[in-house]
Structure formats: C-alpha cells, structure tokens
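Presented sequentially are two complexes of chain A, the first with chain B as partner and the second with chain C.
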Partner chain A sequence: MALLKLAVRNLRRNRRRSTITLAAMIIGTVAMTCLRGFINGQQRVIIDNQVEGRMGAVQVHKRGYIANVLTSPLALDMADTPELRQKLAKIPGVVAVAPRIEFGAMLSTPDKKPQPDDGSLLPPADQGKTSFIMATAIDPQAEALVTPLRNSFIRGGKLFASVDAHDIVLNDDFARGLEVAVHPEGTPLPKVEQQLALLAPDRDGALNGENVVMGAALPSFSPGDRRIGLVPLGTAQRILRMEGRVTEYSLAVSPFDAAPRVRDAAQAALGPDFEVHTWSELMPFIGTLTNTQDFIFSVISGVFLAVVLLGIVNAMLMTVLERVREIGTMLAVGMRRVQIIQLFVMEGLVIGIVGGLLGIALGYLIVTLAGHIGIPLPAPGAAVPSVVKPFITPLYLVSALVGVPVGASLACLWPAWRASRLRPVEALQTA
Partner chain B sequence: MKKVIHLLTLLALPALAAEPTVNQLLAKYDSIMGPLSFEAQTQMTATREDGTSRTYVMKMLKKDNDKFRIYFAEPSSVKGQEVLRNGDNLWVYIPNLKRSTRIANRDSFQGGDFNNADVLRVNYQIDYHGTLIPSDSEDTYCVELKAKNPDTAYDSIKLYIRKSDLMPVKGQYFGTSGQMIRSAAFSDYQEFEKGYTRPAKVVMQNEQVKARKTELITKSITLKVDVPVQRFTQSDLGK
Partner chain C sequence: MNLIELKGIQKSYELGKTTVTALRGVDLSIAKGEFTVITGPSGSGKTTLLNIIGCLDRASAGRYQLDGQDVSNRDFDDLAGVRNQKIGFIFQNFNLIPVLDVAENIEFPCAVRKDAEKPEVLRQKVERLAEAVGLKPYLHHKPDELSGGQRQRVAIARALITGPALVLADEPTANLDSATSEQIIDLMLALNREQGVTFLFSTHDARVVKHAKRALEIRDGVMVP
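Entry: the complex of A and B
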C-alpha cells in the first residue's frame, strides 16, 4: 500500500510527462474501442441484411435439400399444411413462419416491335431477351414478419399483395439490363404479348409458364444476388404444378441468438425426414467475412498497443535515468531490489488503470452516441442504404479494462529491472 | 505435263477414298442427323437423378438449314406446346400463356439432358470448325469441333464416326471451362428410306449429374417433305 502511495506521488512529480503518457494511453484506447464498435456495427448490418432481408434466421427443408440444391431440389418438397406450420410456430423462440419455393426459371421479355408480316426476322436490337433467374416464391404476408428488412428495400412499387398475383419483383440492375421497367400500379395491364413470360420446368421437368409484369424492384444487398427474383407463391405453384407444396420454411426467431436453440427444437419436433439450419450454417461466407475482419482488427490493435506501450517504456526509462540517485538512496537505506521493481511496475499499473478507465469510458461514450445516431454506410457489395450502429459488447469492455493496465505494467518491467540492478554506491555518486 | 497430273490424280484417289476429309465427315453427319427437310415422329424419355422418368411424344418439321418446328403431343402437361426455330430465333408456345415467347439455345429442352440447340440446331458445318484428331479406337474417326460463335450449344465437341459406313457412334460435349457436360451414344441404325440410314436412338448422358440421362428415339422420318414457309413463322404458332 505504501508502494502504491509512492507510485502515485512519483507520477505526480513530473506532471507533464505523466500527462503525455496518459494521453497516449487514452487516445489509443479510445481509437481501439471506436474501431471495435464500428466493426461490430458493420458486421451486424451485413448479418441483418442477409437474415432479415433474404434468408430468415432458421430454415427448414426436406432432408438432403441443401446437399442437392444445385440439381433439382423441387423433388425434395413437402406438403404445406396448417399442422406443419403450427408445429413450427409453437416452438419457443419462433415468431413467424414463411413458406417458400426456390426454383430456377427463365424470364423472357417481349419483342419491342411486332414480327414483320413478310416473314423476315426482327433485328436483334428489337428482339426480346431471355435470361435465367433464381426465383424465390414467397407468401407476402408471412414474409413481412420473417424478412421485414426486404420490404423496406423495395423500390419503384410495392411487393405483390397476394400469393396469386401476377407481378414479380426483380433486381433493379438486372431489370435495367433486360430493359424491363416497373409496371405502374393501378394502370391497366399490357396485352399478354407485351407482358413478361416466366418459364420454368415443372416438378416433372415439363416446361410451363405464366404471363407476369414487374411490380417492383429490389436493389442488391449482398454480393451476387442480381439474378434473384421474387414470385408470388401461388403463381409459382401453378407454374411448377406443385399446388399446396413448398420446398422451404423460413423462421423468424426472437431473441436473435436463439437461432441454434430453435434449430435443435425444430429438428426434434420434425424428425429425421427434415433438416434444419441456422443462418450462419447456410451462409458460411458471413463467418469467413467476420473472421477476416476480426483478424485485421487484432493486427491493428496489436500495432496500436505496441506503439502506446513502447511510449510507456520510453517514459519509464527516462524516469529511471533521472532518479538514479534516488534509487541509490532507497537501496542504501535497505529497500530490497524486488521492491524497486514493484514500485516501477506499480507506476505503470496506475497509469494503465487511469488511462484505460478514461479511454474506455470516453470510447464507450462515443460508440454509444454513434450507435444512437447511426452512420449511413452501405454494407460491402450492397446497393441499399444501411445505417451502421456501432456497439460494444460487455466482453470487450471487460477484456480492455483488464488488458490495458496489465499491458502497461508489463511494459514497465524492463525499466524497473534496470532500476533494480543499480549499485547503490555508484548510483549515489552520479550527479 | 498432263501425264504428271494424271499420275498425281491416280496416286491421290486411293488416298482420298481411304481417308475422308473433315468436311466430308461433317457433311455426312449433317446429312444423317439433320437432313435438309424432313418430318419425323419422335419420342424422348428423360430420366432424372431420383430415378423417375417422363416420356414426351412429338412431331418435328424441318425446312432448309435453319427452320425447325416441334409439336408436343404427350404427356398432357405439354400437349399443345410448340417450339420454333427460325434463323437464330427460338420460340416456345405454351397454350396457357396464349402467346409465344423467346428461349435460349443453351436452355434445357423440356427439362431433359438435350438442350434446345442439340435438337434444333443440328448443322455442325455451319456452327463449328472441325479438325481430325486421333481416335480412341481403330474403327472410328474422331473429329474435334470448336464453336464458331457463342450461339452454339457447346464450346467444343468430340465426335466419333464409324469408318465402315460413316455413321456417328458417340459424341462428347464440352463447356466453356473444358469440362465434359454431356456424352451421347448413337445406336439402332435403321434404314428409314431407301438410301437413308440413321441411328434411331440417341442417349444423352449427363456427365455432371451421372444419374441423369435422356434418350431420343426416331419412330419414323420422311425426307424431302414440302412444308410451306408459313409454318415456320412466329404468328403461326398455336394454330
């Protein structure tokens, strides 16, 4: 305790140096806390865009679906019964259930001019185009609860209101490429020859189709989603000749981290004919992305920490040089060498505690403030506006509160050891 | 001088008879698999990876090199459907759409393992450059075909042709990155008309998903039918 008092007094003796060391400590800690808070906020945006904009937190399929998703998943379908939906809705943590069918389809646009009567062919520029799309058939009511974010992304029109509607939603870049525009709501439909044709092989492989119009546009919100189209569930079931059947249920869960628990409960409730996955299992790239970010963050914090701690080492070495006579006196009056080490380490610890506390408090304040205001910034690869809301986890707070003082005292070990090695007789002779 | 030419011709003739040129082989293949005009009754059975299969019955009409029309008769889910090729244009007519709509060459033909161009664009002389390469067996020639333009069904094809009668035996079809997408086996050689023999059966094996294959059987075929040009226009579809 006496050592602590001595350490504090020593620090107060050279106020300017102590202040500068402390300032470096605080700035470093604030910067690290803010960076961590921002990365947290950005990762949350990426996850939210995927989970609440597209996937849902937990998905249910027929067993083998995910492994075969590239071939013909339509054969791995299930009857969409009220009992099955009830069973899923009753699982604790599940707040909504949305039925879906994922299928590959062709979208064919009308020719810009009628075919010439003389039997000649239209020039390529006037010909309609055909393009492959990955269609997701959804029930708009159920989907509003499972992927609420998607509805807020929709532009230029509205998401179809019923499962039997004849309008679909296309990615806006993709639609522009195909020269398809949103059909304004409330105006009469164009003649069938001027509508889009949505064609797909049905469950048995036979080609079928429906005439549709584009009802709204959806901007990209993750890399590689340009070919995604939203189709009313009933319309898709007619094309695929799969009335009353779906290939996927998507579940919204609350709280967000209940997903693994819901997955286990759903798997137990449904039995081995089904497979249940959480969003992080379905989108492993998000894990890779956050891991990469976390790695970069730890490298940056390592460099920051090293710079700040080297500053402390430097300041402490100066102190030791200045206090050679004093150290000599202390040793001469019987202070033990280990106590000298303790004294200097204690000085570092005090700076670390004060600097760490102030830095983390200030950083936390800034992050919380930024979290309330929000930083408008689109997620990587996304065209939708999104707001990054930085936040700090309790785990980070605790580890910073422990780590900064420990680091600061460790940085003092070497200067302290040098001080403890002084010979009292020589030390007392220095000017 | 004349003598020399005669001598050369005499020397060259037996060589020609023994080794047909690439162009001769391709011309022969095109005349077998896609005669200039014909009407055919065909049947296609697509087997999928889950073991189920589906059989389509259709009538095919062809005129010139680039006019083709198919009428589906069975099963009931595709009855009334029609496919038309005119030049580089492909249309499908689906009765409940009450209209025709464009489709692409590389799209799957009725969900089977043939694509649209396999069925509707059977003129390799126009679409591909051929070179003779060493074959894997003594009694066949192997022609390697490279696509001339992106409208073709494949980027390259290896075609194996029997030396004895120049009938196709098998084909291997490759995609952009050089991987084998499909392979075909030709069999049941049958003389449909005097002087016209063709394999009545082609089995297309999906090399990406091994459990998938599709066979196309020619039930009957009549050459040199005179179909009015009107049958090959978009406005005639569904009529």
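Entry: the complex of A and C
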C-alpha cells in the first residue's frame, strides 16, 4: 500500500509527462476499440446477409447430402410431412422452419424474332439464350420468417404470390446478361412462347420444364450468388416430380448464438438418417474471412499497443534517470531491489488502469453511438446497401481491461529493473 | 563487545588501467553509545569508509563486524534488512523523498518493511520523533517547503525511526549555514546523551569537531593515530 501511494504521487509529480503517456494510451485504446467495434459490425453484416438473406441459421438434410452438395443430389431427399416440420419447430430456439429443394436447372429465354419461314437459322443475336442456374425452391411464406433479409432486398416486383406460382426470381446482374426483365405486376402475361423456360432433370434424369416469368430481381449480396434463382417450391416439385418431398429444411433460430444448441437438439430428435449443420459449418468461408480480419486486427492492435508501450518505456526510463538519487536513498534505508521493481511496475499499472479504463470507456461510448446511428456501407462483394452497426463484445471489454494494464506494467519491467540495479553509493552522489 | 569492529579494511576502485586506493587498511572500533567524528581532507576516504560501515558498499579486503555479525562478504540486497533495522542514514544533501510529506518521510524506513506496524502506532512514533527534532508543526509539509535545517531534522528523525544501533552521517552540516549546523550538532548530541543513540559522522568543519566526544582523523586512506 505504501508503494501504491508512492506510485500515484510519482505519477502526479511530472504531470505533463504522465498526461502525454496517458493520452497516448487513451488514443491507442480508443482507436483499437473503435476498430474492433467496426470489424464486429461488418462481420455481423456479412453473417446476417448470408444467414438471414440466404441460408438460415441451421439446415437439415438427409445424411450424406453435404458431402455431395455440388451435384445437388435430389435422391437424398425427404418427405415434407407436417410431423417432421412440427418436430423441428418444437426444438427450443427454433422460430421458423422453411422447406427447400436445391437443384440445378436450365433457363432459356425466347427467341427475339420468329423463326424465318425459309428454314434458315436466326442470326445469333436474335436467338434465345440458355443458361445454367443454381435453383433454390422455396415456400415464400416460410421463407419470409427464415430469410427476412432476402425479402427486403427484392427489387422491382415481389416474391411469389403462391407456392406454385409460375414465377422465378433472378439475380439482377444475371438477368441483365440474359436480357430478361421483370414482368411488371398486374400486366397480362406474355404469350407462352415469349415466356422463359425452366428446365430441370428429375431424379431419373428425365428433363422436364415449365414456362415461367421473372417475377422479381434480387441484387447480389454475397460473393458467388449471381447464378442463384429462386423458384416456388410447388412449381419445382412439379418439374422435378417430387411432390411432397424436399431436400432441405432451413431453420431460423433465436437467439442467434443458439445455433449450435439447436443443431445438437435437432440431430438428437431426427436420428442418424439426417444431418444437421449450422451456418458457420455450411459456409466455412465466413469463418476464414472473419479469422483473417481478426488476425489483421490483432496485428494492427499489436503494433498500436507496441507503440504506446514503447512510449511508456521511454517515459519510465526518463523517470528512472530523474529519480536516481531518490532510488539510492530508498535502497540505503533498506528497501529491497524487488520493492523498487514493484514500485515502477506499479506506476505502469496505475497508468495502464487509468488509461485503459478511460480509453475503453470512451471507445465503448463511440462504438455504441456509432452502433445506434449505423454506418451505411455495403458488405464486401455485395451489391446491396447495408448498415454496419459497430458493437463491442463483453469478451473484448474484459480482455482489453485486463490486457492494457498488464501490458503497461510489463512495459515498465525493464526500466524498473534498471532502477533496481542502481548502485546506491553512486546513486546517492548524483546531483 | 563493540558495535563496530573494522580490521584491515581496504577499498580500491578500478578506473580503466589505473587503480585508485581510497582506503588502505583501516582498523576501527566503535562502542555502543559513542559520539564519534571523523575528519580529514577532501579525498581522504571519509565517505568511502562510512559507505562501507553503512553496508552500502563492500570493502575490497578486511573484516567488518556489525553488532556481532560478520557483514564483510554479504550481498548488498541481502543487507537491506541490516541497513533497515540497525543503521540510520543522514546525508549531506538530505535525500528526502520529494513526493512524501514530513511525516511520511520520517516513517518511510518502517513503512517499507514487510511486517510494518499499524499506521496508528507508526504515526505515534513519528509524532514523538517530530517533537524531539522540533518539527511537530510541519508534519504535513512537503520537503520543498522546508529550509535546509528543517530538512536535515526530517532526515535525522527518519534515521531514528527504526531505533537503529548506529546513525551514520556523512557531512550532515555541509549544506547548512553555521548557526543551523550548530543546532543540528546540538540535536544529535542531545539524542546521543538522552537516548544513547550511537553516532558516527564525518565533517570538514573544525568547529563541530570540538563538540565530539571522540574525534578521529583519516588521511590518505589510513587512520591517523
């Protein structure tokens, strides 16, 4: 306690130096906290876009589905029964269940001019185009609860009026490439030969198709989602001859971090014929992305911290030089060398606690404020506007509150050690 | 048995290639309760000798017994406890701790002990000592608010707080005017007379020597017989 009193008084002795050290520390921690808050907010946007815009928090498939996901295996399907949906909906934390079929399909646009009567071919520019799409068949009502964000992204139209509508929703970049436009609502449908043709092989490989129109456009909101098309579930089941069957259930979960718990509960409830995954297992690239960001953040904050701590080392070395005679006196009257070390480390600790507390409090304030206001900024690779709402996790708060003072006291170790090694006979004789 | 027993104490400093010998075989005994002055010209080795006696420095050769313990070869940090309990220091330039007030400076040697007394007990001791050195009204002043004489009184009180067997003072009056020097010497004499504190101090000042009960002279690193 005597040491703490001494430490505090010594810090107050050279106010200007302590203030500068403190200011460096506060600026450093505020910057670190704001950066962390912003990264958190951006990661949340990326995750939300994926989870609430496309995937859902937890997905259920027939066992083996994910291993073969690239071939969109229709054979690994399941009966879409009320009992099964009930079973899933009853799991604590599940708030909505959306049935889906993922399948590969072809989309053909009509020719722009009628075929010439003379049997010659249309010039290529006038021919219709055919393109492969990754189709997701959805139930619009259920999907509104599981992927509400996607509904809010929809432009120039709306998501299917019914589960077996003759509509399709395409990415707007993709639609532009295909020269397809949204069919304006309320206008009469074009003639059948002027509609799009959606073709898909069923489980037996037989190609079936239906005519559809583009009901709405969806902007891109994550990398690689431009070839995805949304199809009403009933329509897809007709084309694929899979009435009453689905390949996927997507679950909305609340609270958000209940996903792993829900996964385990769902797996237990469904048994070994099924497999259940959380969004982070389904989209490992998000983990890679956030890990990379976290790594860059730790490098940056490490550099920040090092600069601030070197400032402390410098200030402390100066302090030691100024207090040589005093240190000699303390050693002469019987203070031990470790106590000298403790004294200087304590000075670092006090600066660290004060600077850390103020810096983190100020940073937290700024981040919380920014979180309320929101920073409009699209997620990387997304064409939709989104609002980044910075936030700070309790874990960060705790580790910063511990780490900054610990760092500051470690920074004092070397000056403290130098002070403790002073030879009192010489120290006492300095002016 | 004598409080201090020095036998053949030598001290030399290596300065590059040359060796400076500050003490060349000092024998000295000091009994409990003595009031001893060491005089000698500048560079004769007074400070060096007092530093060795105060366990601040180690002799290059010779034996040193303090209060029955052989301390000749013990490490500096190891002697922290000995310095703290047995020796009080008074310095020429006072060496008070500027951030502590008078009371805190006086109690400092006791406050840094692991088994420090309760603050109330310590405070009582401090007040008694402050009374004795005439600093009662200044307990809460910082050193820079005091005159040189007052500062040296703080240093004396600080040297006495632990109830040391020996108080060492290296030219305690060198930075004081003659009237104040006189007062400080009187104070030390009184403490010696009334409380039996053993004093050993060095000085250049011939006037203070006349007060001493025992005066020794050192010249070129040896005691003048």
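Note that in this section the second predicted complex is superposed on the first by the 430 of 431 C-alpha atoms of A that agree within 3 Å, B and C clash if a C-alpha of one lies under 4 Å from a C-alpha of the other, contacts with A are read in each partner's own complex, and residues count from 1 in each chain.
Going forward, a contact is a pair of C-beta atoms (placed from the backbone, for glycine too) under 8 Å apart; a residue touches a chain by one contact, two chains touch by 3 or more.
Owing to the predicted nature of the structure, the values given are computational and were not obtained by experimental measurement.
K.L.:
Overlay done on chain A, so just call it for chain B and chain C: clash or fit.
P.N.:
fit
K.L.:
Touching A:Glu248 in the superposition: chain B (first), chain C (second), both, neither?
P.N.:
In the superposition, A:Glu248 contacts neither chain B nor chain C.
K.L.:
Quick one: the Cα-centre angle at chain A between chain B and chain C, nearest 10 degrees, please.
P.N.:
140
K.L.:
With both structures placed on chain A, which of the two partners, chain B or chain C, ends up touching more residues of chain A?
P.N.:
Between chain B and chain C, the winner on chain A residue contacts is B.
K.L.:
Output check: A:Leu6 vs chain B and chain C. Expected answer is one of first, second, both, neither. What do you get?
P.N.:
second
K.L.:
Quick one: is A:Met335 in contact with chain B, with chain C, with both, or with neither? Answer first, second, both or neither.
P.N.:
Second partner only, chain C.
K.L.:
Quick one: is A:Asp225 in contact with chain B, with chain C, with both, or with neither? Answer first, second, both or neither.
P.N.:
After superposing on A, A:Asp225 lies clear of both chain B and chain C.
K.L.:
Between chain B (first) and chain C (second), which, if any, makes contact with A:Glu275: first, second, both or neither?
P.N.:
neither
K.L.:
Which partner does A:Ala206 reach: the first (chain B), the second (chain C), both, or neither?
P.N.:
first
K.L.:
Is A:Glu347 contacted by the first partner chain B, the second partner chain C, both or neither?
P.N.:
Touch partners of A:Glu347: none, neither chain B nor chain C.
K.L.:
Output check: A:Asp167 vs chain B and chain C. Expected answer is one of first, second, both, neither. What do you get?
P.N.:
It touches nothing on chain B or chain C.
K.L.:
Report, in whole Å, the shortest distance between any C-alpha atom of chain B and any C-alpha atom of chain C after the two complexes are superposed.
P.N.:
Minimum C-alpha separation, chain B to chain C, in the superposed model is 76 Å.
K.L.:
Which part of chain A faces chain C closely enough to touch in the complex?
P.N.:
So the residues of chain A touching chain C come out as 2-3, 6, 9-10, 12-13, 325-326, 328-337, 339, 424-425, 428.
K.L.:
Which residues of chain B touch chain A in their complex?
P.N.:
46, 48-50, 52, 54, 56, 75, 77-78, 81, 86-87, 89, 92, 94, 96-99, 101-104, 107-108, 110-112, 209, 229-230, 233-235
K.L.:
Could you please specify the touching residues of chain A with respect to chain B in the complex?
P.N.:
71-72, 75, 106, 108-111, 115, 119, 121-122, 127-130, 192-193, 197, 199, 201-202, 204-211, 241
K.L.:
Of all residues in chain C, which touch chain A in the complex?
P.N.:
Listed in rising order, the residues of chain C that touch chain A are 51, 54, 56-57, 76-77, 80-81, 83-85, 89, 91, 93, 95-100, 108-109, 111-113, 116, 158, 162.
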